[in-house]
Amino acid sequence: MLEVRDIDVFYGDAQALYGVGFTVAEGELVTLVGANGAGKTTILRAVAGIRPVARGDLLFEGEPLRRVPAHRRPGLGIALVPEGRELWPQLTVRENLELGAYDRAARARAAESFAHVYDLFPKLKDRAGQLAGSMSGGEQQMVAIGRALMSRPRLLMMDEPSLGLAPLVVGQMFAAVRRLHADGLTILLVEQNLARALKVADRGYVIETGTVSLTGTSEQLLADPAVRAAYLGV
Amino acid sequence: MGEVVVLAVSAVLLAGFYAAMAYGLGLIYGVLRIVNLAHGGIIMASAYVTWQLFDRFAIDPFLAIPIVLVVFFAIGVGIYLGLVRFLPRGPAGAVQSLLLLFGVWLVIRNVAYLLFTGNEQVIHTGYATSSVRILGGSFSATRLAVFAVATVALFTLHLLLTRTYLGKAIRAVAQNPDSCTLAGINVERIYVFTFGLGTALAGLAGTLASTLFAFNPSFGASELLKSFVIIVLGGLGSIVGIALGALVLAFAEVFAVYAVPPYLTTAVGFVLLVVVLVLRPGGLFGQRVLR
Amino acid sequence: MSRVRFLLAFAAALAALWVAPLVLPIGDYTHNIVGLTFMFMAAALAWNWLGGYVGQISFGHAAMFGVGGFVAARIMLSSGLPFSVAWLLGGLAAGLFGLLWGHPTLRLRGPYFSIATIGVGEATRLVATYWSDFTGGSSGLSLPLAGNPTKYQLYWYGLYLLGGAVLISYGLARSRIGLGLSAIKEDVEAAGDLGVNPTLYQDIVLFLSGTMVGVCGGFYASYQAFIDPQDMFSFDRSIGLILMAVIGGIGTVLGPVWGAIVFVIIQEFLLANYSELYLGLYGALLILIILFEPLGLTGLVRRLHRLAIPVRRAT
Amino acid sequence: MNRSTVFVGVTVLLLTGCVPSKDTDDDSANTAIPDKIVIGSTLPLTGTESKTGGRFKQGYELAVEVENADGGIDLGGKKVPVQLNLLDDTTDQAKAVNLAQRLITQDKVNFFLGTYSTAVVEAQSTVAEQNQIPYVNGGGAATSIYAKGFKWVFGTLAPVANLANTEMQWIDQQQAAGALPKPARVAIVWENTSHGKDFRKGVQDFTAAHSSGYQVVTDESFALDGKDFSAILSKVRGAKADLLMIDAHLPDFITMQRQYLSSAMCTKVLTYGARGTESDARTALGAEGVNYILSAVWWNKQLGNAGLNKEFVDKFKAKYGTDPEWYQALGYEAARSLFTAIAQAGTVDKEQVRAKLSALTMDSILPGGKLSYPADKGGQADYPFVVQQNLPDGTSPIIYPADVANGKGVAPNPACKG
């Protein structure tokens, strides 16, 4: 479904990604793991189109993505839940979700999507009229995921959904991810919490200083001694 | 007592014009974080357009509003696409846009001088001096009409911003443009639209001003300055806040005569501006984001 | 440029300008205009300390210009103090006035500060126009023609003002304070973390800037021999300083000097020929500079310089 | 601090306070008869005041044309043509000063005709005084210009205080005739400019001198270009004023009069100083809206039925195809008085012309029929204004002074009910 071929990305003069390549197949849950600053977020931003790619190709369902402007990509079926949620704090929960379905096709199915999101996160239904900025971190994360789902994505990318959340809430979050995956949604997940991420994922890529250093199924990676030493502290 | 009521009604009517005058500046600032220094120039230009429509085609200023809105929306879009678009975003861009749009103002003023000379112009509608009795006082029919238009504009804007996808997107862009892109909102297009709308609202203010005041190409400077006071009082960006800010300024100016000489009532607004900026940077009524 | 080279160039330029009117056949009119231009250069440089070095764009410098002018004029009218002392005292009063409003408002950044300065400028103008015991109100103040330097002599006083302003500009930019200022310009909070006290630094700069502009106001009072609040405190006067700095190159050490030259040349040239176009020309110039060369003339010269270097290497 | 810094510092210190000076080269003693007489002048030809500036230009140019029509000014038997060297000062004080400096010191004009608007004249007149060149202006009325003891500055505009005074004289007549209450309650509302200040002084001086007949109940100033005058008008209403004496320029006049009318106010006498008869006022307020407004100006074409006035109006119409207003008339008279003084002096010597200007008394188109620059008024002409009143039939006859009146004024305002 998604194919990333050998991309380079720069921040000004500083290069962040060096020939990164990976694939995500339909229905898969793939995770990108690695240390802080390794370039995982940059990869997601490049796929979402808010970070230009200097070299290499991005293919989504076989179609090249590089020339598609960022705001068109949700219409193609790509959605990103950004790191730190990035909600619109002075809009209500309902408005935040509504704008998730901004694309014309998604707008037409908004009612259906609302039902889906409220089903996944019943709490949001109760809080629909509340300002998003006044909610707790976990609730905000739910809104962020809900907003992404409202665009009816075929590929859902999530950037550190568990960051800064209480352990109990982290559990709920991963339960939701698992459920979405079980419903057949393709997911690309970036996590620092490698153990938990690999537990839900089918496959994983280890990103180190802007390149893919290791890849394999979750089991393989969890078993890899280098991974265990570097990321699991065992 | 009666006199106080009469003054209060006058202040409310004045607030109507003040609010209409500040909507455009507040909207553009709230969404683009750009201080549109050309605002005063647009108000002046629109007064001239209204006058031309009245003079040549005998179109009543209040009926000219739709034409003015369309014309100045287009002008706003032109200014954005031709100039503002090229500025960097962020603090550096904020300062540059200040100077750039000031340049635009100078050019507009010069064009007006060339086309219409420095003479004062006035629009005399049949009802310019007729009056209506309210609460024991007699008030200008034109001022009432201006107030009505300003109120309608307030509600329309409010509905647009809270009830439509476009409006919600505008508020979302004001709060966090990056995540708007992720939601599939074409932020650049929202910017173009907002700049156009803000300019159209400045045009509306100019039309309203032309029914109340005489104007020349330098007209608009004090409107711009007072608009600053209003959007700061109102919290820089909230449309309802702007209306409240206008009310505060109008009441302060009208009732200041009990405390300071009438000559200094204008200064009261500017002092209020600085004090509010320093003590309550979020404005009297709220925050700095468009809600 | 090294410090020694700068100071040598500075001394040479000062000396050349000092003797120029004595040896060159310059008409009286040009002589006076150049003298007045020196003052504008000094004021634009002073504006640039705050607007360029710190990045706080002030739309209210006319307030200090006016305060300086009127305090100086009052002193000249009421006491036997020489005009230069009156200028200085006027400048100090203006600097203190700057601190009075600047200390609270300098916490504001970007457009917030700019808007606040508009408020300060306009409020000051209105109060000054009303306060006729001090400013003469709408009738203004006339200075005695005796005891004041003539316009001919003011050329040299203008030159000294300019010299002082250039030295301070250079000193501020090259000193530790200068580093602190650019840190504040980049990011106030980070500057605080670096041990720079943004409040203190900005207060110092505003005081210096206000004092210099105030002294310029005193100079202007002596030059015109008649000042009135509507003119001294006008919004256009603040705008003029901004235009000079922007045309020359905002934030550069000497940019405002070149900006003031262009400003005056445009004014003098257009005055004689196309006076109906001068507003629009400033506007167009402003637009072009912001869009294509944010560092103004200085940026343009640097660009040409960069273009020229390879050529020189080739030969 | 290194050595070079010290060196430069010391140099600067040494230089400071050391300033060359120059003897003003005195060429005023040059009494040879020139080929032409060059008159320098600046006016606001662009910008906000361009309309008025243009009118003064018409007045100046007509005077020059008339003078040159028969060869120019007679200097001891030789006719010398006049050349006007006119620049645009855009109502900017510094520009007006610099341009005057340029015309006087560089272009060496013989004499100077002043610009328009008080503050600019005030700034510019110091240049004339410094350079000792006769400066006649028709555009600066503020008494403060003439209160500085300047020897070289002459003003053709009578002080605005006279405007108020002449209006009050007419009002006093009406009061004596029983048409107005005694004592009458007076509200003075003035724009905070020197124009407004002098107007206020005129009313105050008159009421102080006739204290049994008048009682000032409101005295307020306002800032230019106001958006709302309801508070001031409410004060006036609260004070139950009979006479509302306002001084305002056109935009404020229109805004204020609109609010006055729509708030159903009606005072027995209403004036806006010089405002009220202009066509702009009728356009903005309608013929109804300006009825019975009292106004006073320095000159009006209704004076022009005979003699010098008729000659001026006819020549003006022939040249420009329109009727002159007071601006053109004052410009014309300012220039003419200068030419007369030059002819009387018979030379272009500045001191002699100045002396002749100071002693001048000439027949004039201005009210009173004579123009002089009395020394006790600091060189400012002193004559009554012509008071006009807008009448319902659309005319604005002169109603005072009696010797030039061509209509009869109405007081109290018959439109007021009760």
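Going by the order they are written in, the chains are A, B, C and D; count residues from 1 in each one.
Definition applied: a contact is a pair of C-beta atoms (placed from the backbone, for glycine too) under 8 Å apart; a residue touches a chain by one contact, two chains touch by 3 or more.
All values reported here derive from a predicted model rather than from experimental measurement.
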{"item": "Those chains which touch subunit D and also touch subunit C", "value": "B"}
{"item": "Chain whose Cα mean lies nearest the overall Cα mean", "value": "B"}
{"item": "Maximum centroid distance from subunit A, chain identifier (CA atoms)", "value": "D"}
{"item": "Distance between chain centroids, defined by C-alpha means - subunit A, subunit D (Å)", "value": "77"}
{"item": "Whole-Å gap between the CA centroids of subunit B and subunit D", "value": "37"}
{"item": "Gap in Å, rounded to a whole number, between the CA centres of subunit C and subunit B", "value": "32"}
{"item": "Averaged-CA centre spacing for the pair subunit B and subunit A, given as whole angstrom", "value": "42"}
{"item": "Set of subunit D residues in contact with two or more other chains", "value": "46, 192, 221, 223"}
{"item": "Where subunit A touches two or more other chains, by residue", "value": "none"}
{"item": "Multi-partner residues of subunit B (each touching 2 or more other chains)", "value": "113, 261, 263-264, 266"}
{"item": "Topology of the chain contact graph, where touching chains are joined (line, ring, star, complete, other)", "value": "other"}
{"item": "Set of all touching chain pairs, with the criterion as stated earlier", "value": "A-B, B-C, B-D, C-D"}
{"item": "Subunit B partner contacts - residues on subunit D that touch it in the complex", "value": "46-51, 192, 220-223, 225-228, 230-232, 234-235, 237-238, 250-251, 254-255, 257-259, 261-264, 280, 283-286, 288-289"}
{"item": "Subunit B to subunit C touching residues, read off their complex", "value": "29, 33, 35, 83, 86-87, 91, 94-96, 98-100, 102-111, 113-114, 221, 225, 228-229, 232, 261, 263-264, 266-267, 270-271, 273-274, 277-278, 281"}
{"item": "Complex contacts: residues of subunit C adjacent to subunit B", "value": "55, 57, 101, 104-105, 107-112, 114-116, 118-120, 122-123, 126-127, 129-130, 235, 239, 242, 246, 276-287, 290-291, 294"}
{"item": "Touching residues on subunit D, where the partner in the complex is subunit C", "value": "2, 4-5, 7-8, 11-12, 15-22, 45-46, 87-88, 90, 93-95, 97-99, 101-102, 105-106, 119, 122-123, 125-126, 129-130, 142, 144, 148, 192-194, 196-197, 221, 223"}
{"item": "Subunit D contact footprint on subunit B (complex, rising order)", "value": "3, 6-7, 10-11, 14, 17, 113, 117-120, 122-124, 126, 128-131, 137-143, 212-218, 222, 226, 250, 253-257, 261-266"}
